[in-house]
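See the structures that follow.
In what comes next, chain A is part of two complexes: it sits with chain B in the first one and with chain C in the second one.
Then we have the complex of A and B:
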C-alpha cells in the first residue's frame, strides 16, 4: 500500500488508467455498506452523516495547514477526530504531496510562468487543480440496461483488439465497474442483515425491498422508478469516488425518469393508488435530494474567500424540449419542482429550461412561483437561445436539444460532451488594469502583462488605440490560462484518468480512449469570464470623457483611478451621472459590450485544448467576482478600490439602470458568442401591496418578455434588501435563507461578509 | 515616536532574520527532543527530506531549513536548490505574520503579501508544522449548522 496501486505484484509500473481502476475497485469493494435508518435509498457517499470528500490527488492537501483548526474556523467548519488528523498528516498528505495534479504539472513543465501566475490567485483560477468533473454522464443508458452490458462490452472489445494500450483501457473499465457491483452486493448483504435483525422487531419489509432492488440494480436495468433512483444513487456514489464532487451533474432527470414513472402508473388501478404513488414519488425524490447533501466539497479557508458557501453544485435540469424538439415538461418535472419548493435546499442545484412557444406559460409561471417560495431557485434558461448557441459552434441539433446544466449554469450534452465547463475563472478586469498600467498589475506590483504603452507617455491617441492595448492584454492573459489549463489537463491524464466516467459516455468505448484524453464526442473547455460590466462601464467612461467629449484627459483619469478617486470627487460624480452604463439599454454601450464579448469569444474559441476541442466562453462568476474585486484597484467606471465586481452578466446598481432596461440589454447580446452560458442576476422585491398571485404574475411577465427577446438565462433572488440586512444582524433567524450567488445557491448566513454585502448591494428591482 | 522606533527595530531585516533564525532553531530543537513532533517529519510511512527557503522579495531576509532524516537544520543565506521558497513581500509583512495563525498562510497568497516558488504541498505542510509549533492565535469559533465530519480518502 505504500505506493498505492502504482505497481503490480511483480513490481511493474501500472499504466495510469489501470492504477486508477484498481484503486477505485479497492475503495468500492472495501467501502462500508451503510443503509441509514429511515432512508429510502441504500448507500452513502462517506461513512458520516455528512462527510467531506477528500481528494488528495486534487486539492485535498490545501487542508493540511488547517487540520488543527478546521473545526473552529468561521466559515464551513468541519469536525475532525484525532485519528483522521493523524492519518491525513502522516500517511495520506505526504504520499500525495508529489503526486497531485498541480505539482505534477509544475514539475513536468519546470515551474512555468503561467502556473506562477495562477498561483497569485488574482488573475485567474484554474479548476483542474480541483476537478475536471463538470459534466453529465449518459445515465439513461445505464439506468435502462445496467452495468453488466457495459462490462461485457469491455470484455468483448478487449478480446478483439491487439493494441496493448487499448486492451488496458478496456481492462480498466471492467475493473472499475466491477468495484461498483461489489459495493452494491455488499449493500444487499447489509440489507439482508438488517432484514434478519428487523424480523425480530418489526419492519423487515423495508430492508427486503432494498435487498430485492440491489439484487438487480445497478448490475441490470431498472424496472421501476424506485429501482432507477436507487441505481442512480449508487452510480453517483461511485462516480464521486473517482471524480471530485465539484460540478459533476445529474442531468435531465425529469425526462429520464418519466418512463419509469409512467410504467409504474400503468400498473395502478384506482385514483387512490395513483395519488399514493405520486406522494411516494415526492418522498423518494425528496430523499434523493437529501442524499445528495450527504457530502460537501472540501474547501480550504482560501477557498471560502474564492467560492464562499458553494455546495457540490450537482445540477439537475428540468423541462425544455427533448431531442426531437417536443416539450419535455412532464409529470416528473412538476414532482421535482414540488420537492424543490418543499425542501428549499442549496444542492442539488436546480436548473429549468424554458422554450418560448413550446413550453407553456403555466410552466413558466410555476418556475417563477417556486423561485418566489424558495427565494432563489430554480435558475431559468431559454432553451431556444441555448440550442441556437450550441448549434452555431457545430453541435448537432439533436444533441444540442439534449443539453443539461452543469455545475452552475453551463451546458453539457449528456454522455457525449466532456466539456469541463468550468475549467477556469478568468478575471478580465486584470487585463484592463494591465492595459492602464503598461502591463503592470497593481496588486501584484510587477510586470505581468506585455508592454502596451503608457498613458503618461500619451501612448493612446485614440480610443481604438487603447481598446487595442486592452485586447492585447486580454489575449496575453487568456493564452496564459490556456497553456495552464492544457498543462493541468495533461496532468489529469496521468494522475486522474476516469475509467468509470468514461464507460458512461459515447466515444471512449468506441475509441478505447479515456475522457481525459479526448475520448468523448465533443471535447470543449469552458471559461467563466468575470467582470464584463466593469469593463464595459470603464471603457465607456474612457471613450466618452477622454476621447469623445474631452471632459478630462487620460492622465487625469488614470491618476484619479490610482488615487481611488480621492480628491477627484467631481470627476467621480461626472462618471456616475453622465456616462451611460451597461444595463441602461443605450445603443452605444450595447455595441461596446457586444464588441468585448466578441473579442473574448474569438480569443478563446480559436485556441485548442489538450483534448483537441475549442474553448467556449460564458459570463458567470460563481463568487469570484467578489474575490477578484476585493483584490483589484479602482476602475475608470468609478468603481472604488477593493469593491466586488458585478456578478455574472449583471449590470451595476446605478442610476439609469432598471429591470426593463437590464432585460433589454442582456437579451440583446448574441447567445452564439456566449456558449458557456451566462448568469443574469435579478434581485426582486415584491411589492407588499400585491398578493402572492399578483407578484408571481408580474415576475412571470418580465421573465417571458426577457426570454422572448432572446435572453439566455435569468436567476432570481426574491428577497428584500431589508431582509438580507436583518439576516446579517440576526443569522440565527435566517439559517435557511437561500440566495443565488452567481450560478449556484448558498445559505446567505454562511457566506463570507464581502459576499453578503455584494448581494445586499445588488439593485433591488421593483415589480 | 517610541512605537515608531520599536516598529522600525522589528522590521529591520537583520533583526528580523535573527529573530526568525532563533525561532526556527527552537523549532529544530523540538524535532530533536519531542518524539511526537519528530514523527511529523519522519514516521513509518514517510520521511520529509526537503529544503525550504524563506526570503523577502528584496532578499534582505534570507535563510533556509534543511529537513533530513527527522532533523531540521537552519542556515543563513540562499540554498543552492530549494524544494520550496517562501517569499514575503517585505520585512513588514513578516512582522505582520507574527500576529497570525500559521494556517492563515495560504490566505496571504491572495493578497500577494506572500508568494512561493516550488511545491504548494510543502507550503501547506510547513504551515501545519508551524501550527503545531506555534499555537493558533485566534479563537474563530462561531456557530454554524454545516459542520461535517472529515473522513480520510473517499
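Then we have the complex of A and C:
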C-alpha cells in the first residue's frame, strides 16, 4: 500500500483533489485485471472474485478491533488471510487512524458536542462517516460518448483558465479518468493473453470479444448493448474504487439501455435471430446483476444491527416517465423484470416507477407478479406523487421527471443532483423521550436535550404546550445532526474529493468545482426520519387520555412509561384499546401525523448544508427502527422498552388498523412534505386456495388503489408468517428467502434475530 | 325469573319490510372492510342486526336481535372491576364466568365507556343511510380495481327493506356494485320493487328442502323461502347463487343434501356455494348471554367433506 500521494516529488503538499486523483490512478493502473471464464463481463471491483471493499479513509477503521473475529462471527463473516490481517493491523489502519472523515472532523472542530452525541448511537446515525456516494451519475452521456471527450474537455479547460485551483481541478479529472483507461487497457491485454492460451472456436472467441470491446469502451462510445453494459461495468468498478460502496446507484437503466437494444435489434433479420438476441440480453443483464454482487460493504458487527443484511444497495430504477412525460416502460424494462424474477437476489436493489394513467395496467400487474415470485422486489413508486413532491421544492419539472431511486428509495436527478440522500438516520423518538423528561434521555441517563419543562412540575397546562416542548427538542436534535453532517461534509472536501464522480455530473466541469464543494446543479442532503408511527401514537395517547378525556393525568402516564407499564396494566390496556391509532384513518390522528411531518420537514428544510443546499426529509428506516428501538425506553403509545419501532412509514400492527385503513392513511399524507420518499411496508399472505392469477389481480387492485389515492411508495413482503418462523428454525432450507426490510432487500436468514422477529411480527394481510 | 319477564323487557322485534321507511335508520352491528370471501373482489360487508329466523347454529349470533346488545369477550377482560363500579343495577359480577346477569342488566351500556380493554362492547347501533354510504365510499377505488363492492349481510338485511332500497340506489348511482346475502324470508313484491333494480348479485341461503326440518332448526318453515328463490330465477338476470351452510349432523345429512342438489338441478342451477362449518361462533354466542342449542367445537373432518363433494359433484362448487 503506497502512502506517497500527500506530497509530490518536490515535497510540496498536494491539494486534496489531486492527491485523490493520483491515488485512484495508481490503484486502477496497478489493479489486477481479472476476467472470469464463465462471466460475460470483464473486470472485478476488488482484487478477488468476490471481496470486501476497505476504505480506510471512510469507516474501514471500524474493523480494526474485529480483525481477529471477523472470519468466525455469526452474521456475515469475511474470510481474511494472515497476510492481509497483518497488513491492515500494522500498516494500513495505523496510517489512516487520523486520516479518516470522523477523526479529521473531530480534530478540526475540537471534539464537538454533536459528534460526542453521534457516538452515543441513541440519537442519530451519520452516514458521512462511511460515504456520501448516495447519488446517480450521468451514465447515458459517458456510455454514448466515452471518457475521451471528458478528458479532452478537461485538458481544454485547463489550458483556458488562469486560476491555479481551477487548473488543479481539471488536472485531477484527467488523471483520475486516465486511471480508468489504464485499467480497461490491462483488461484488454489480459483478454488477449487468455485468448492466446485458449482453444480456437471455443473460449478463444469469448476472449476475443472482450478484447474487441475493450479496445473501444469505456474510452469511446458504445455501439452495442453489450459494449454499453461492459462500459458501465468498468465505470462502476472505478467509482467504487474512488468512494465507498454504500448506496451509489445505477439509475434508470431500462430507459438508458433501450436505444442500444433497439439498434441491435434493427440489425437482425429473422424472428429466430431476434429471439436469440432477447435470450442473450437476459443472460447479459443477469451477468451484470451477479457482477454487482462481487463486492460487499464492510460492516463492523454493530452494523449488523443498524442495517442488518444490507448489501451496498445499488439501486436500479425502471419504468415511469421520461423527461418529456411520456411512458418510459420499454423492452428493457421487461428484460430487467425477467432477470429480477429469475435471480431473486438482494442487490441490485430494484425500484419500479409507476405513473398512474400513463403507465399501463399490465405493467403494474407485472410488477406485482415479480414481487410475488421473488416475495420482496421491486419496490413500487408513484411517479406522479414523487414528481409533484420534487417540483414543489424547486426542482425543474423536466429534471424531476428523471428521478432515480438511490440506495433504498430516495430520489436523485441523475448527473445533476448530488443529494447524499441518506446523510443521516434521525431518531425522532429520542426527541419525544427528551420532551417527556425535561431534556434527559432516559436510557442514556444524561441531560442531552434542552430544558423544556417537567411533567412533575405541571409544565404543560395544555396539549399545545407539550407539543411545543416536543417541537423544541426535535429542533434541538435536528440542529445537532445538521451541524454534525456539515462538519463531516467539510471533512470530505479535504479527505475524499471525488474527481471521477464529478466528471460524470453537470456542473463540476463548468464550475471547476468538485461535487463535495457544491459543484452539482442540485445540492440537497437527505434525511431518514425514524419513528413517525411511534410518535403519533404517543402524542395521540397524551392528547386523548390526559387532555381531552382526562382518563389519567400526565404524571401517572409518565410514571407508567418510566416503569415500562409494570403495575399499570389497566392504563396500558386502555391505551391499546381506546386510543385511535395511526393507520386507522381517523381524521384527528391523520391531522396530527401531518402536523408532525410538516414540523420535521420545516425544521430541516430551512437549514442549509455545507454545499449550500436544503435538507430534505423522508420516512424510511433501513433497519435502524430495530436498533434505535433497542436503545429506547417505553413510550406513551404503549410500546414497551427496548422493542423495535415501526419500520419506515408503516402503521403499528394493532387493533383498528387494517390494510385498507393503512393504505388510506399513508396515501393521505402530503408527498411534498416527504421529498426524500417513504417506505410503506405491506406484508401479504396469499390464500392457498387462490390461483396465482387471482392473487396477482388482488394485490394489483390494492396497489392501484393506493397509488390513485396518492400514496408515494409501497413495498411488499409476500410471504406467510409461518414460512418466516420456519426459516428462523431451519435457516438452511431458506438461504435465498428474500425480504424487504425498510427500503432495501436482505436474505432473511442473514438478519440479526431482533430484526427477524420484527419482520415476523409485522401484520399479515390475507389476500 | 321467567322467560316471559325477560321478553317483556326487550324491545319489539321489527316486522320485516314494513317498519323502515325512507330516511329511516337501520340497526347495524359492524361494517367489515377488506372482505374477500363474500362475493367477488375486495368488498365491504354491512352486518344488519335482526333476523326472522332462529337457526340453532347461527354463526353471527350478534345479528339475531334487532336491538342493541351488550357483548362480553372473556379473553380480553383484565378483571380491573371498573365495570362493576359503573353498573347501576349491579348486574356485573367478576366471579361469575358469564360476568353479566342478563336478567338484571338494563343495557344502559354505561359499563362500555369505562371498560379499558374492549372486553365489554356494544353490539349494534342505529345508522343513517348517509353514514353507511360515506363509510362505504371511503374504499371506492379498491372496489373499482378489484371488481368488488358491497355485500349486505346480517342478520337479514331485508328486515330494513326501505333503508336498503335507498342505500343501494345511491350505491348504484355511484357505480359501486352491491350484493345481498339473504335467508330468503321476505316479501317478494317489496323485494322486487325496492331492491332488485339496484342489486348485482344475490347470495341466497338454502338450508333444507323438508319444511319440517326447516321449522325445527330455524324456527320457521321454508315455503316462502323456496318460492322466493324460484321466483328470483324467473325475474332477474343477475347471478342468484344458492349457498348451503354445512352444519354437521343438521344440514349435512345425506338425505338433506341430496334433496337440495335435486332441487337446484330441477331449477337448472349448476353453481352452488358450500359454506364450511366454523365453530368459532359458539364463543360469540356465549358472550351475548345466548343459550346454546347446538354446540360443536370442531371443524368438519375429511370424511364429511368427501361425502359432501360426492353429492355435489355435478355442480361448480368454487373453492370448496
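Criterion: the second predicted complex is superposed on the first by the 759 of 767 C-alpha atoms of A that agree within 3 Å, B and C clash if a C-alpha of one lies under 4 Å from a C-alpha of the other, contacts with A are read in each partner's own complex, and residues count from 1 in each chain.
Keep in mind that, in the parts below, a residue touches a chain if its C-beta (ideal position, glycine included) is under 8 Å from a C-beta of that chain, and two chains touch if they have at least 3 such contacts.
As the structure is a computational prediction, the values presented were derived from the model and not from experiment.
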| item | value |
| --- | --- |
| Chain C versus chain B on the shared chain A, clash or fit after superposition | fit |
| Which superposed partner A:457 touches (first chain B, second chain C, both, neither) | neither |
| Chain B versus chain C as contact partner of A:700, first or second or both or neither | second |
| Partner chain in contact with A:729 - chain B first, chain C second, else both or neither | neither |
| Partner chain(s) touched by A:82 [first = chain B, second = chain C, both, neither] | neither |
| First (chain B), second (chain C), both or neither touched by A:164 | neither |
| Which superposed partner A:53 touches (first chain B, second chain C, both, neither) | first |
| Of chain B and chain C, the chain that contacts the larger number of chain A residues | B |
| Which of chain B and chain C A:767 touches, first, second, both or neither | second |
| Touching partner for A:271 - first (chain B), second (chain C), both, neither | neither |
| Which superposed partner A:91 touches (first chain B, second chain C, both, neither) | first |
| C-alpha centroid angle, chain C to chain B via chain A, nearest 10° | 110 |
| Chain B and chain C, minimum CA distance [Å, superposed model] | 34 |
| Of all residues in chain B, those that touch chain A in their complex | 39-40, 43, 45-46, 48, 101-107, 109-112, 115-122, 124-125, 127-128, 131-132, 136, 139-154 |
| Of chain C, residues touching chain A in the complex | 33-34, 36, 41-42, 76, 78, 80, 82, 116-118, 138-139, 141-142, 144-146, 148, 319 |
| For the chain A and chain C complex, residues of the former touching the latter | 569-571, 573-574, 577-578, 585, 655, 658-661, 664, 687, 689-690, 697-698, 700-702, 704-705, 708-709, 765-767 |
| Touching residues on chain A, where the partner in the complex is chain B | 2, 27, 46-55, 61-81, 84, 87-98, 100, 102-103, 106-107, 111, 116, 119-122, 240-241, 296, 298, 300-302, 305-306, 443-445, 627, 631, 732, 735, 747, 750 |
